[in-house]
Amino acid sequence: MTMVPLDPSSKPTSQRLITEGDTVVVYERHDAMRAVAVRAGGVLQNRFGVFRHDDWIGRPFGSKVFGSCGGGGKAKAKAGGGGFVHLLAPTPELWTLVLSHRTQILYIADISLVVAYLELVPGCLVLESGTGSGSLTTSLARAVAPHGQVHTFDFHQQRAASAREDFEKNGLSSLITVNVRDVQGEGFPEEHCGAADAVFLDLPQPWLAIPSVGSMLKKDGVLCSFSPCIEQVQRACEAMKTSFTDIRTFEILLRTYEVRDVALKSVTSEEACVGPLPQKRRMLTSPGENTGCTQRSSSILVRPCSTAKGHTGYLTFARLCV
Amino acid sequence: MTMVPLDPSSKPTSQRLITEGDTVVVYERHDAMRAVAVRAGGVLQNRFGVFRHDDWIGRPFGSKVFGSCGGGGKAKAKAGGGGFVHLLAPTPELWTLVLSHRTQILYIADISLVVAYLELVPGCLVLESGTGSGSLTTSLARAVAPHGQVHTFDFHQQRAASAREDFEKNGLSSLITVNVRDVQGEGFPEEHCGAADAVFLDLPQPWLAIPSVGSMLKKDGVLCSFSPCIEQVQRACEAMKTSFTDIRTFEILLRTYEVRDVALKSVTSEEACVGPLPQKRRMLTSPGENTGCTQRSSSILVRPCSTAKGHTGYLTFARLCV
Amino acid sequence: MDSTPPPPIRREAWEGCSVLLDINDGDRLAFFRLTPGATVKIGNKTCSLQPLVGRPFGSLFRLGADGLVPCAAGDATSRDHNTRDGADGQTQDETRDNRSLVDNNTAQNLSSDDIEAMKRDGATGDEIVEALIANSSTFGNKTVFSQEKYKLKKQKKYAPKVLLRRPSARSICETYFKKTPARIGFMRVDTLSLLLSMANIGAYSDVLVVDMVGGLVVGAVAERLGGTGYVCSTYLGSAPCSIDIIRMFNLSSDMVSRIVQAPLSDLCSMHSSGNTPSLLNGGAEGEMVEPAVVPDEDAQASVAQQVDTAVSDEKAQLSTDQPTDMEVSEPSLDEHPVQDENSSLDGKGSDGNLNASKSSKAGKAPSPEKMKYWKEHGFSSLIVAAPGHEVEHLVADLLPLLSYSAPFAIYHQYLDPLAKCMHSLQVSKMAIGLQLSEPWLREYQVLPSRTHPHMQMNAFGGYILSGIRIHNTDCMIANK
Amino acid sequence: MDSTPPPPIRREAWEGCSVLLDINDGDRLAFFRLTPGATVKIGNKTCSLQPLVGRPFGSLFRLGADGLVPCAAGDATSRDHNTRDGADGQTQDETRDNRSLVDNNTAQNLSSDDIEAMKRDGATGDEIVEALIANSSTFGNKTVFSQEKYKLKKQKKYAPKVLLRRPSARSICETYFKKTPARIGFMRVDTLSLLLSMANIGAYSDVLVVDMVGGLVVGAVAERLGGTGYVCSTYLGSAPCSIDIIRMFNLSSDMVSRIVQAPLSDLCSMHSSGNTPSLLNGGAEGEMVEPAVVPDEDAQASVAQQVDTAVSDEKAQLSTDQPTDMEVSEPSLDEHPVQDENSSLDGKGSDGNLNASKSSKAGKAPSPEKMKYWKEHGFSSLIVAAPGHEVEHLVADLLPLLSYSAPFAIYHQYLDPLAKCMHSLQVSKMAIGLQLSEPWLREYQVLPSRTHPHMQMNAFGGYILSGIRIHNTDCMIANK
């Protein structure tokens, strides 16, 4: 299977049925997912029960499947085995949530801004260093498919090998070439000279690689450098000044909201003030659970989630001067 | 009059009637206000008409007063002079909106965080440098009144004089002492040694003043340094390390929302899609202005205002080691 | 149409293409079509755009005696940062340590007659600026920052620069957001990017789109599809919404041919086997019997023949001949419309990538085969951008048209409609992985000793509800 | 009571005062009252708090053989930054250049028996940590950052530190927000600060407060009043809300005497000349005939006699004897309640600033004279913090109680109720300068070459509607 269709005969994954060899994302909850390779006779066991891969094959992606209680004694299927999971078609976004973290990874907000600002479209050639856990690489591959290429570089042999395996598993090998290379020390290979539409750097000392980026990019091509600390950004921007223009640094965060069916208390109620803690009634509960307290009709209210990623990194974009 | 009551016999301004000599904040719109000193025979002329101070005296603060068309030919009272303004009691918050900008000033979000984190309460002694336009100083004075003191320093002679005049006008002279002094070069005066509960710095090179701050503060007293650029923060933090603890750097922004009475179009409407620009109907209009288009009942919706202050400065707080 | 894939991006402007001109470093932004007769007015001078043809995007032009002239390579490198963030830095610089008051420009020894004389003698704009600096008695006393600001101001007046930019989803969205944000429902470029990611847009996707933001989403999706897959732009009622903004993109004929339009009623009726009660099926009587093919005139009119207009910075100037594109509360559109593309075709016409050949107009009705395919397999993605609409019921109608496991992303300028939609999807169990989010984008000034976030920001770029459509019938219990 | 003003802040802990203990650099935060018998349990050791009496706030203590011992001055300076932000830096450090994998702590040559022997021999915690480092075969191979992290971990276990903090609005709000945010309606310290500013709280203010956040707002206002003016805490129905959190503040008897409580119905009935139709006047029949003085038992019970509990980090451990202070979804309250203050008075009792003398309890009914004064002049400020309530009608009832030109600030955890309230105030023209805002607070790690915003943030601290009450009768037309 391939996460990104490569020719007119291959359908988007979600339009297919699950077959042996597919990778499915098993969705338990929004914060509990994992990638599973489907094989005949395979078994998935989790807190919701025991799931036989054979039951999955032939079903559409997106199906809800139920587990049975059983297998080893370790299965702690509370509800007697009647638990269920959903089988999802893998996408780069889901992959970002299930991949093995060999390094700090980029998440969807940074990734989508990078892809947009690098102006990637099908057919582009893009260079990336380092590969890391391959979270961004997968999205780059989707953006340049079917005819484009991603050449990604990491100095860490084992990390490169693991990433290559992941790309293989996701059917992205024809789009992505993984190379072991110290781009900070050696620059990008000469063979891509003047051929790259875009370059992405996630390096501790990006300024060392920037002269090489200048020779790789086509004129007006875009560079992006990701750094968590402002000092790295300052040195990178300094290094870009000689041959880049439109140097712009951004930070992007994603604020998430929670939706609740809330029954706010009314002023006119005698019982309105029963204590300092009206929180209990504020959970998203079924309507029947309301207490006897006089209340206004409930309404759907939204509130930002309390904790969030406060920082991932700074994204600096620049264009090679014409 | 005094913006901040100083003894039990003086009422909060809003509970008084306007008298000659008072400063009133004339409110035209949320973004159009000015401070006016009330004097017998005085006249205020603006786009809403001509207002005689004599009509204001004896009215409560918060009154709405109507202007007459007339006076000079320059008065462009569109509605024939029937315009009105509100006469508000000055507060440090309103003062921040009407004062003369001799420098970049601090606004309410930064000010309120500073006052809270400096742990100012009535009776505290606080040092400030520089005075600037006196925006923060006024709030510091309110926080330490009636028995506390604010000693504020600015190297700029003229600026100090103007600030002193403003404080005089607002009845804050007994709370605030304005001094001309280059605190970066000379430090704070020895007389406050070990006497300050809190110190605030808004200086281009705060690190130069930090040793002096260390000798001014009481043990466990709090320092705040405001700087627009991160490089200033980095050097200031470095300088604080030797004798300060709990060094924390914050940024605070105020996001404002606009409220609209919106009639979102419904899916079931045949005319739902009439073009790409349904914006016109989204203004806060009276209900009668709705177009003939089939619409759902309107509701009160909120949206963040499009533009906002994106940065004012970094606030670094630290405590003098015990 | 070709068997070999075309180059993904053409990096030089060509006859008939759409270009974005950035005049004086963002002071003015406008789209133009490079027809033989196309001109731009700069100051009081009308310049032909012909010198742009064949020049690489990213090129900088100055105003020569005979019109636009490419700048030397050296000029380009120094053109931005300092100037871009000058206002910020200036504020800070002046606030912090100005023991002497700032002088203004009264101390100029060069008269306007002198300048006119220089011009007659053929002096370039840069030469005039240099002369002005040399003849300013106060320039030397200014801070470095004030000097930069002074020079920039004079440059903009006497030596205006025109930057040739390539229209892309990024630059088109940024331009509209800056100039006429209401036209695109206040959708910021990072939000648009998130919609495309969250909906898994890529080659060979079959993307269902509700675009009430002028075609921005349709164009961005088509750009990502690169001539593969389909973007099916659906609409309520009988007439499609304008998607004119797609004409700002330089979409190839392959890419344009992948844009189809169909009324929602047709899609819903084709999906009569739907497993979800549809408000539209129940409530919009009469629509379902309409023919499956949209009237050709309407579709064409909305896409290709209606002359689109460029976006510019001229404020509060209403262009009365484009009433439907106008917005009272906004800066109005440019006085330089993009030329009708037919005129560009009269010229060379050699370029198969132009989006104007009769055979490849955008917005045709989908073929019966495609309709049948989508009926059987569903769309693989959904994006909804209807910022003036209630979306709860709209999404309930749209979700059954998706394949199971297809991701979707709903845009809105208000949070409340998305919250209601999210709650109803939670209750109906039609989707999982629901997330209500708002991107927060911040730009920084990075300069030696003057690094900080921009003092002004776009505080709002819209909200997104995202999720994955699932099969919600609890009928597949596996026994051990 | 005294004629000379008291010192504004006592900078040393005293017998009977409330203290905030920060154990192991924020790992645990809890309030205690320094009664003679008060103890804190650290690890498996129960320590008397007596050594804290007389020590300056900000002092650091370590665990000695006989309990808490003040640290030498040198220890204090090095206690934070690096450790505070260690997690952030660590992540980055390890991500960026870890060619060798991180080793774990298996290579420790010191056995637990060895450590026990050292303890028996009277070794200090710091000595044990040094020994552990000396006997780690891998410590030398770690990065500087990993070394710091290792040392910190061992220090927390073998040499715990206790920081004596002074309770103030800042530290109390921060502590509750970190440990039990729902108890204070998710009101972050910057939001609380804004409420106080926007409502113009200062000496001699007459502040009307609706506090359904446990007393945090009442306490913070009383702190700002410094024993002048009044904070009138009003409530709906017949029983006041708990304002127990004021007991965490070290309010002097002067300051406590300025806190009064009155049911809203009494305030509204006193204000029978109100110029605005009141929902409460019309709708809550019977309340207006209640006596103007609140039943003394109720008020006292809610303020002084109910034993409050400290806030700590112990998670999901329900303290069953404090059911009304519990929150299922939250970390629970500490097992160390603040001792009943009466016990502290049994001791020295010499301190007139304690808030427990019978004559100065908080929450009495206001005197008839004050009620009359407020009826005539109105309150000079209003703060409403009712995060579980609809506020539109509440505010309509409250605004007529304010003097004209009095500023007000309404807090809520949801935006929608404030939006409705704002809209209704716009329509009724009872107020001007209306602003709906949300503070956004961001903390930074500032370290050489490692400066960036914190990787985790509190993304939400509540919303505020602020404005100024005005005279809205259009009856004062001035003629020329």
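As written, the chains take the letters A, B, C and D, and residue 1 is the first residue of each chain.
By definition in this document, a residue touches a chain if its C-beta (ideal position, glycine included) is under 8 Å from a C-beta of that chain, and two chains touch if they have at least 3 such contacts.
Just so it is clear, the model here is predicted, and its values are computed rather than measured.
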{"item": "Chain hops separating subunit D from subunit C, counting only touching neighbours", "value": "2"}
{"item": "If a chain touches subunit A and subunit C alike, it appears here", "value": "none"}
{"item": "Comparison of B-D and B-C (more C-beta pairs in contact)", "value": "B-D"}
{"item": "Interchain centroid distance [CA atoms averaged], subunit A/subunit D, Å", "value": "38"}
{"item": "Averaged-CA centre spacing for the pair subunit B and subunit A, given as whole angstrom", "value": "43"}
{"item": "Subunit B and subunit D: spacing of chain centres that average the CA atoms, whole Å", "value": "25"}
{"item": "For subunit D, residues contacting two or more additional chains", "value": "415-416, 442-443, 448, 451, 453"}
{"item": "Sites on subunit A at which at least two other chains make contact", "value": "230, 251, 255, 301-302, 314"}
{"item": "Pairwise touch network: line, ring, star, complete, or other", "value": "ring"}
{"item": "Pairwise chain contacts, counting only pairs that touch as defined", "value": "A-C, A-D, B-C, B-D"}
{"item": "Complex contacts: residues of subunit C adjacent to subunit B", "value": "91-92, 95-97, 99, 181-183, 186, 212-215, 235-242, 244, 279-280, 283-284, 287, 324-330, 387-391, 393-394, 397, 413-417, 442-443, 449-460"}
{"item": "Sites on subunit B touched by subunit D in the complex", "value": "4-8, 10-15, 27, 30, 50-52, 55, 59-70, 81-82, 86-89, 91-93, 108-109, 111-113, 115-117, 119, 121-124, 139, 142-148, 197, 218-220, 230, 233-234, 237-238, 241-259, 261, 300-302, 314, 316, 319-322"}
{"item": "Complex contact set, residues of subunit C against subunit A", "value": "5-9, 11, 56-60, 73, 76-77, 79-81, 166, 168-170, 189-190, 192-194, 196-198, 200, 202-206, 223-229, 377-378, 380-381, 402-407, 415-416, 419-420, 422-423, 426, 432-444, 446, 448, 451, 463, 468-472, 474, 476-480"}
{"item": "Parts of subunit A lying in touch with subunit D, wherever the complex brings them together", "value": "103-104, 155-156, 204, 228-232, 251, 255, 262, 264-283, 296, 299, 301-314"}
